[in-house]
């Protein structure tokens, strides 16, 4: 009985894997591809691996470690990628309607420039 | 253009030449004389469930010692070449962008897990796939993650050198012990063989593989730190 | 039978990625694609029943070698920038375009 | 005191992971795992003081369980949202980066918050600076920080504040 | 019953992997390839565990764990290179 439940859980997880693939193909830029890829593979791998663990109970320990590892690391790597992609937003043609991060960067740059000018004036 | 075409032709030729290999994988064949001798003897001689480990550590133990020595020479060469003066790069650390807080925190949590996983791999080399080299690379990966998360950080050189020297000395010492107590240099039968499949089995193989793993991990960490480029 | 098809498909992916790695002009894209080749090679080794080799290929071939290449690329670019006394502030420096 | 608590927690966690890895349990494996866990947790190279922020009172434990279910629900909802957007023939997206605020101070809490935001409907954490969190939102519904915080952060923050300050 | 359903699940997963591989080969930007590499690593890790189940050898799961770990660190290294922090 648990074997059949596990197989169906794996099937649902596989559908989410397929969804992540379709998302990578259809989405227009890297940020949105990341949205589809990260979320769908995380839930997909949880369901797929736990399904395998239910089919063969002696696999369950290792698949649980693998699931914890993926849930912990997958958002971190996609966060690092998103930050890297933000540096290239004009290149990759990403449409970002309000871009609060770019505004904050510009504000910080202007602030540092004005303080530098003040210091220069002070030095004179 | 011509060069690229030639390279692609060579690549296609390789693909064609290796095509029959793909169809042979599922076919069960009789292993050759040497292979069947190994398969038959190694569980009896060394009580190692993983035959590859028995071959690498015992039957071909001297080769493995040579490989470790070659790796040591290579990393020492990288370390000697990539000092700051030689590269002519003055203040590289200043130009580097800091990583996010998220990556730094996650690194702090993951490092212990990765080091322990590396230890698991090289301690179970005689039971599961993997062994000293793979476990050492996993440990080096943990150090690499720290270097990626905080480029300005320094790896404790003294600790690395101490670990490397100690594990290298342990490796050679275990080999000499085999020469005196058992049949020859690097013979693992200095400890009781134990039952097939338990952790404390296969004589000294787990100890030898632990020494190799720590040595490889320390060497590769030192190499990555040298590649980081801004060391004194 | 299914295993033969899997090996063949992974091998085709490896060949295409290898050709693309040669054909591209950007060094960065070349490094990424050769990392993909190594990951596929590791799967082929596992499918052929050599888990030790597969683990070595995954750990060294795709992890360590890719990172060493990336470090080398970053270092050589820094040396170039210092020579021409320009800083690599422009994001265009490392994006790697269409292959 | 806090460091010692962190080390002991890290040791226990590592030992549990070791036992899960070596599934058919035996005494030898348990002893070897304990030795390795103590060595790794007390190694001076890798400080594990992050786990010291975790609170272990009965209220925190109840909130941990509740947070687990909230997280799973948000994860499933976000995947259904992705499925809707990806499979819709017109791709209903309107992406942008908005700024939200968090009150969390401890590194562990901020990591958990960032990971939770990344795995919930339509959002990815891009950057964290002080109390500002910049979030890529696949369909921007609110641009001012207050209402965006209300929509994205508050649901997790009230649990994480109890779990790890 | 369970075997059939699980076989279908594996076939669907391979299809998802093929779509991600298409994006990996096509690009157009390095960052797109890296995103596709991230997705491919996780799907392949799951497939290695499924292969361990098919061939009935639990030790293959270890290979999958090393694979997932190395893939994560590789993607983080690529991201750090792209943002100029390496």
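The chains carry the letters A, B, C, D and E, assigned in the order they are written, with residues numbered from 1 in each.
The rule is short, and it goes like this: contacts are C-beta pairs under 8 Å (C-beta built on N, C-alpha and C of every residue); 3 or more make two chains touch, one makes a residue touch a chain.
Note that the structure is predicted; figures quoted are calculated from it, not measured.
Peer 1: If I average the C-alpha coordinates per chain and also across every protein chain shown, which chain's average lies closest to the global one?
Peer 2: E
Peer 1: Pick out whichever of the two, A-E or A-B, is joined by more C-beta pairs in contact.
Peer 2: Counting C-beta pairs in contact, A-E comes out ahead.
Peer 1: Could you give the separation in Å between the centres of chain A and chain E, each centre being the mean of its C-alpha atoms?
Peer 2: Each chain's C-alpha centroid was found; their separation is 14 Å.
Peer 1: Please report how many Å separate the Cα centroid of chain B from that of chain D, as a whole number.
Peer 2: Here chain B and chain D have centroids separated by 32 Å.
Peer 1: For chain B versus chain E, what separation do you get between their C-alpha means, in angstrom?
Peer 2: Here chain B and chain E have centroids separated by 23 Å.
Peer 1: On a C-alpha centroid basis, what's the spacing between chain A and chain C, in Å?
Peer 2: 21
Peer 1: Could you tell me which residues belong to chain D and also touch two or more other chains?
Peer 2: Answer for chain D, listing residues that touch two or more other chains: 17, 21, 23, 114-115, 125, 127.
Peer 1: Check each residue of chain E and list the ones that touch at least two other chains.
Peer 2: If we look for residues of chain E contacting two or more partner chains, we find 29, 31, 34, 58-60, 62-63, 65-66, 69-70, 73, 76-77, 80, 82-84, 86.
Peer 1: Do you know which chain C residues sit against two or more other chains?
Peer 2: As it turns out, chain C has residues touching two or more other chains at 47, 51, 54-55, 59, 63, 67, 71, 74, 88, 95.
Peer 1: Spell out the part of chain B that touches chain D in their complex, as residue ranges.
Peer 2: Going by the criterion above, the answer is residues 100-102, 104-106, 108-109, 111-113, 115-117, 119-120, 123-124, 142, 156, 159, 198-200.
Peer 1: If we count contacts the way the header does, which residues on chain C are in touch with chain B in the complex?
Peer 2: Within the complex, chain C touches chain B at residues 1, 3-4, 7-8, 11, 15, 18-19, 22-23, 47-49, 51-52, 54-56, 59-60, 63-64, 67-68, 71-72, 74-75, 78-79, 82, 87-88.
Peer 1: For the complex, give me every residue of chain C touching chain E.
Peer 2: Residues 6, 13, 16-17, 20, 26, 28-29, 32-33, 35-36, 39, 42-43, 46-47, 51, 54-55, 58-59, 62-63, 66-67, 70-71, 73-74, 88, 93-99 of chain C touch chain E in their complex.
Peer 1: What does chain B use to touch chain A in their complex?
Peer 2: Touching chain A from chain B are residues 99-100, 102-103, 106, 109-110, 113.
Peer 1: Within the complex, which stretch of chain D touches chain A?
Peer 2: Listed in rising order, the residues are 17, 19-21, 23-24, 75-76, 78-79, 82-83, 85-87, 91, 93-99, 114-115, 118-119, 122, 124-127, 129, 132, 134, 136, 138, 140, 143.
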